[in-house]
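Right after this note come the structures.
There are two complexes below, and they share subunit A, which is joined by subunit B in the first and by subunit C in the second.
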Partner chain A sequence: MTDQRSQAELVRQSLKRRYRKERRFRLYGIVAISIALASLFILFADIIGKGHSGFVKTTITLDVTLDSEIMYLDDPTDKDQISMADFVAPIVAALQDHFPDAEGRAARRELGRLVGSYAASDIRDLIEANPDLLNTTQTIEFLAHDTVSVYVKHADDPGYSIRLSEQQQMWVDELLEKGVINTSFNDVLFSRGDSREPGNAGILGAIVGSLFTMLVTLAISFPVGIAAAVYLEEFAPQNRLTDFIEVNINNLAAVPSIIFGLLGLAVFIGLFGMPRSVPVVGGLVLALMTLPTIIISSRAAIKSVPPSIREAAEGIGASKMQVVLHHVVPLAMPGMLTGSIIGMAQALGETAPLLLIGMVAFIVDVPDGFFSSATVLPVQIYLWASSSEQGFVELASAGIMVLLAFMISMNALAIWLRKRLERRW
Partner chain B sequence: MSVNETISSAAEQHEASVPVQDVVTEKKREDMPVQEGKTVGLPYADDPKFKLRNVEVFYGEDRAIKDISLDIARNEVISFIGPSGCGKSTFLRCLNRMNDSIDICRVKGQLMLDDEDIYHSRRDVVELRARVGMVFQKPNPFPKSIYDNVAYGPRIHGLANRKSDLDDIVENSLRKAGLWDEVKDRLDATATGMSGGQQQRLCIARAIAVSPEVILMDEPCSALDPIATAKVEELISEMSESYTIVIVTHSMQQAARVSHRTAYFHLGHLVEVNETSKVFTAPEHELTESYITGRFG
Partner chain C sequence: MQTANLLPLVLVLAVVAYGLAFMRSRAVAAPLGGIRNLKALPFYYAARAALWCAIPALIVLAAWAGFEGKVIQGIVIASLPQDVWPESPGQASLVLSQISNVAAGKLNPEFVPDHIAGAAGLLENLRAQSGTFKTILVLLIAALGAAFAWTRVAPHINARESVERTLRRIFFVCAAVAVLTTVGIVFSVIFETVRFFGKVPITEFLFGTSWSPQTALRADQVGAEGAFGIIPLFTGTLLISAIALLVAVPIGLLSAIYLSEYASKRVRSTVKPLLEMLAGVPTVVYGFFAALTVAPFIRDLAELVGLEASSQSALAAGLVMGIMIIPFVSSLSDDVINAVPQTLRDGSLALGATQSETMKNVIFPAALPGIIGGILLAASRAIGETMIVVMAAGLAANLTVNPLDSVTTVTVQIATLLVGDQEFDSAKTLSAFALGMMLFIVTLLLNVVALKIVRKYREQYD
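Take a look at the complex of A and B:
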């Protein structure tokens, strides 16, 4: 009896220790998750904090009189005259209407620097397109100069330095009060390519470039990856050669992406003579990089199809190919799709290999095909982040937000597809 | 002797003499006399459906089936019994070459279906399996609709040219499997939502749908409850009129209830084949007797 009691006592003591251990173990888990969540939160807070102003543009709306006299332009259809004409003068004149005190060359120059450097070409394009507008007064919305934009958006932020003179600051304040200078949603960001001037730079070129690149990647890596996985899993004989191939596929998945860039440079550009910085080459390189991921995840998906389904089909007399096409591949499809989409999301965020094949060039035009020079989202972010102009900092963060939005929607698509196609057995 | 008489006599005998314990060790089993290639009882038949001679199956170096010769008659129900790992499933799977997908598996000997070699190098497995259907241990319907499950076989073999023909095949197969009344209103429902017993009968309907001559059943009731088992057994008895049925089972009562002949396997040997009533009442071989009296299993 005493023996039993002391044993019960021992058990009770060990129980206490066990509970303590379990509590500690759970605590470790909670701490780990908290750290992960906190880092994620800090990352998002930082990016959104820096980037939200990238979605805002500063504009100056002026009633511009397109006076042929001050522009030195009589005939807008004459190319020579257009190229010689002074399109800044009417803008300065319009600004002078607001500030009649601003006389003299210096003041005029400072006034002219309130609008972006593309304001003059805006007017030129307008007159070239509509010669009738000469000597009329038009209300035109100009993008503000980068320095004005920084002053309007970040006057209180010590991280930015204000590069406006005292006089200009007073003007801007007054124009803000009058409602001549406005801030609104930055549609330029989503409708233009890159530019030297932050206010005029858009991410559309990079988005379209990414789209073309991803299309090439998808068109190559998805069918090739799935075909390879199906063959290796269903048809390949079990021998040294297939073992060797398997090991090498796993190795390829671990190869740093910049190596694939070097390969692309040497093979596609060097050997095949394809042009630099085009989506086709970028897509090919990324397809090579994504292939191992797709093969590995597709094989796992095929493996998870229960053998009883294969047996059932074989037992009725389905041929090997019918078993694979009618049963195994459809059942493995959710897993294959998930793996492929995650692989594509990885490729979408890849920068290093694309730097090597020249997709890092400064490209203003939105690409119009697989063979036109382009850049992609992550490279555009890299370019803006390494730029010295202040306005590009917020653009880089805004670009990151756009990229993250794309990735999150791709992952959401993967989850949705998996849920939708998943079948139970 | 009819199947029904067999049932009563064997079942009585069985219930009277089942000791509970007595697990025999491997050593002891080896001590028991079993002569290779020698089968007592009635292994041969006139004009057999299957004529199997000196069959040997190897898994790599391992000899899983040791020199078995057996005839399976037309429209007979024969059950294979024996302790786990005795090779009865392996042997069953030779009959429609389901072992083909196992790389290390080799089959030797002569296996004839209606005087045609099953393992002939130019033999088409697809055609063979259309003639020799199979039902598996675990119900394994495709994760598709009930209709598509049954229609799959006829579709891939091109048995029905029109939708109405296919509908007829599906209905007939489901009727034969005793499932029609239960599912006729929900043919589009997914098959995996049915009960285990229904799923197994659906698998039988699926096998019937390609009008095979032989149906192989690998422990078809081991995953089912007693009521579902009774239904499947009833079905087997009905089907024996039009099909040759080979059934592997762990349940001696089941063998007694459904089969005309029973074959007892032991460690890769075919020890005894006899009329079912004989096997369960007066086994000729000592090992058979030990097994049916429950001395090992």
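Take a look at the complex of A and C:
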């Protein structure tokens, strides 16, 4: 008896320790989850913190007198004169109106560096379009030079280095006070292609490129994926070939994406001689990459259609194909759509295979078709992130925010579709 | 006509064929006393006409579009005077790009040799001819197919069967695309790899300890032959993957255990989607985060404790990659833990074990094979991941296991060797394909083994 009691005693004594262990184990779990969620939070906070200033542009509004004398331009319709004319001079003159004591070549040069390097071509385009404006005074809004933009937006941020002279900083401070230098929503970001100058660069080209690429991917992977899933679930005989196809699909789902880039390079570009850096090739590569995802989720959707539906249709004389096309596929469609949208969202964020097929070129123009050179949103982000110019970092983060917004809305659409259309049997 | 315009045209023709055959079948049926006297519904006659119209035409169109470029290039090269024939494929592609630039009007014909300008004219001519032939041929085939189907609209022919047979074949072809993709991958890496091993011996590739794939621009340049030893790349890849797994496995596994055994339904339904968001973030975003935030942070931290860290460290890439694969590990472990039968759990708890003891001594050992399978899958993910390492791990092929050093990986090298224009026959370019083959084989093996373990384990409890 004493033996038993001492055993019970032992257990009771050890209970405290065991409960402590239990609590500790539970704590480990909470810590692990907290670390994971904290990383997610830090990731988003970091990107928003870096990127919010990318949505702001810095502009200088000046009353520019388009004086024919200082521009050396009498006749704006004459192409030779236009190409020889000095369009920076009126801008500098306009700035000198604000700072009459800035004299001499050095000061004039520094003044001229307050506006972006596209300011001169803005004036040229204006005069070329309206020759009547010569010798009039116009109020024009210029993009500020990138060094000015960095100074205005990030003067207190140790991560940025200010590359303005002290004289220039004083000018900028004064112009800010006068309201000549302004910050406003960066519409340039959404209306232009890439540029060498951060202030002038936009993601429209990349968004359109992504759109064309995704259209090709969708047009191929959605029908092919569904057809393959239907075949494997409904028609495939139980044999070696079917097994082989299944194993292949499962393995393809786990092949690193960069390998698909090699495939695209060797087959589509090397063998078929398709052009480099075009959305068609990118779309084809991404279609092959997303196909396994779509097939696997479509098969799951088909599997969830109860056999009673099939039996009922067969019972009233439908052929196998009619059963599938009239009943099974429509009923499985919500699941198939959800899987496809998720697959497309993955493809939208994919970068590595597109690097190999040449979609990393520096492209200024917004692509206008499936066969014009293009880049896509994630590649544009990569290009900007690896640029040494400091203004591109905020653009890259802004691009990431746009990309994530696209992906989150696609996933939200998928979840909404599933909730809305899914039927429980 | 452009392929992009022909494609919709063929589809429009198919719709027209559908409509015509539909009306025809009704017309045929009318004197017999309605469509019930036909062997199939009008829809099937019409669908067959559409298929006959579209499929052969599309096959011809695809074949033509696929090989048009190559054939024209061959003819243009062959048309050049013998004494300027390009000697190597690299030179040929240079000449071709010059010719096509002239043809596209990007290069003034006056600035190039006469034979190039002539070839540009020929190129344009051939392209126009090819376009015309293609258009005529494709439209002709579409019309013939539709006409044939039109003649076969007859009451005694069962169109439904032939339509269903065709559809079934199309479905099969779609399923076979997966096999074709695998075959395509294997062939696209194998040819170039064999050519690479013709230039660099396989033993040097597998056992060499130095990697610097510069090849000479001129034959007599100093250091003309590059070094192609894969060992530094493998150690770099393994180092980063190991760091990633060290982060992801404990966090992922413990999260999965907590979520499946302890968490309330509400916590589970909010935390799980949040964790899965980590998997949905594009890799380029992780790369950005690793390169611009984590790497400088680690460098500063290391300096603070007196260590020297490179600005592109393996640790930064590995940590961020670990975060990326947390949801991978956690959702796979979650699946296997939930697959352990409830009876095991209940039995252990009934004997007086606490929840954590049940977990550690009963469920975890039972779920171990599945968890290992999941970890292997995660490892193959880590090995094949590209963007994070391209942006954060650097290019220097250091043979080191110091996580604060900069290392390079197989995927980084593939990406950097193949970005931009390259000559197709240099050892440098070919080595990327050899690396690709290594990567493909290793990840394939990992996946096959992992899937086998997971499947075997599932069978055990099903």
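We adopt the following convention: the second predicted complex is superposed on the first by the 391 of 425 C-alpha atoms of A that agree within 3 Å, B and C clash if a C-alpha of one lies under 4 Å from a C-alpha of the other, contacts with A are read in each partner's own complex, and residues count from 1 in each chain.
Heads up, the rule we're going with is that a residue touches a chain if its C-beta (ideal position, glycine included) is under 8 Å from a C-beta of that chain, and two chains touch if they have at least 3 such contacts.
Keep in mind it's a predicted model, so treat the numbers as computed, not measured.
Model built by superposing both complexes on subunit A: subunit B and subunit C fit together without a clash. Geometry note, superposition on chain A: angle between subunit B and subunit C about the Cα centre of subunit A is 60 degrees, to the nearest 10. In the superposition on chain A, A:M84 contacts neither subunit B nor subunit C. Contacts of A:H327 after superposition: subunit B is touched, whereas subunit C is not reached. When the two complexes are overlaid on their common chain A, residue A:A106 makes contact with neither subunit B nor subunit C.
Once the two complexes are overlaid on the shared chain, A:A405 sits clear of subunit B and of subunit C alike.
Of the two partner chains placed around the shared chain by superposition, subunit C is the only one that A:L263 touches, whereas subunit B remains out of contact.
Within the superposed three-chain model, A:S319 lies in touch with subunit B and with subunit C [touch as defined at top].
Looking at the shared chain after the overlay, A:I35 reaches subunit C, while subunit B stays out of its contact range. By the touch criterion stated above, A:S308 is placed in contact with subunit B alone, subunit C being left untouched. In the superposition on chain A, A:A396 makes contact with subunit C only, not with subunit B. Following the chain A superposition, subunit B and subunit C show a smallest Cα-Cα distance of 8 angstrom.
Common to the subunit B and subunit C contact sets on subunit A are residues 319. Across the interface of their complex, subunit A is touched by residues 4, 66-70, 73, 160, 164, 167-168, 170-172, 174-179, 181-182, 184-185, 187-189, 191-192, 250-255, 257-259, 262, 271, 274-275, 277-278, 280-289, 291-293, 323, 326-327, 330, 352, 354-357, 359-360, 377, 380-381, 383-387, 390-391, 411, 414-415, 418-420, 424, 432-433, 436, 439-440, 443-444, 447-448, 451 of subunit C.
Those residues of subunit A that touch subunit C in the shared complex are 11, 18-19, 21-22, 25-26, 28-33, 35-37, 39-40, 43, 46-47, 50, 223-225, 227-228, 230-232, 235-236, 244-245, 248-252, 254-263, 265-267, 270-274, 288, 291-292, 295, 319-321, 345-346, 348-352, 355-356, 358, 360, 369-371, 378-379, 381-382, 385-386, 393, 396-397, 400, 403-404, 407, 411. Within the complex formed with subunit A, the subunit B residues making contact are 96, 98, 101, 103, 125-130, 133-136, 138, 140-143, 152-153, 156-157, 192, 203, 206-207, 210. Here subunit A touches subunit B in the complex through residues 237-238, 306, 308-319, 322, 326-327, 331, 423-425, going by the rule given at the top.
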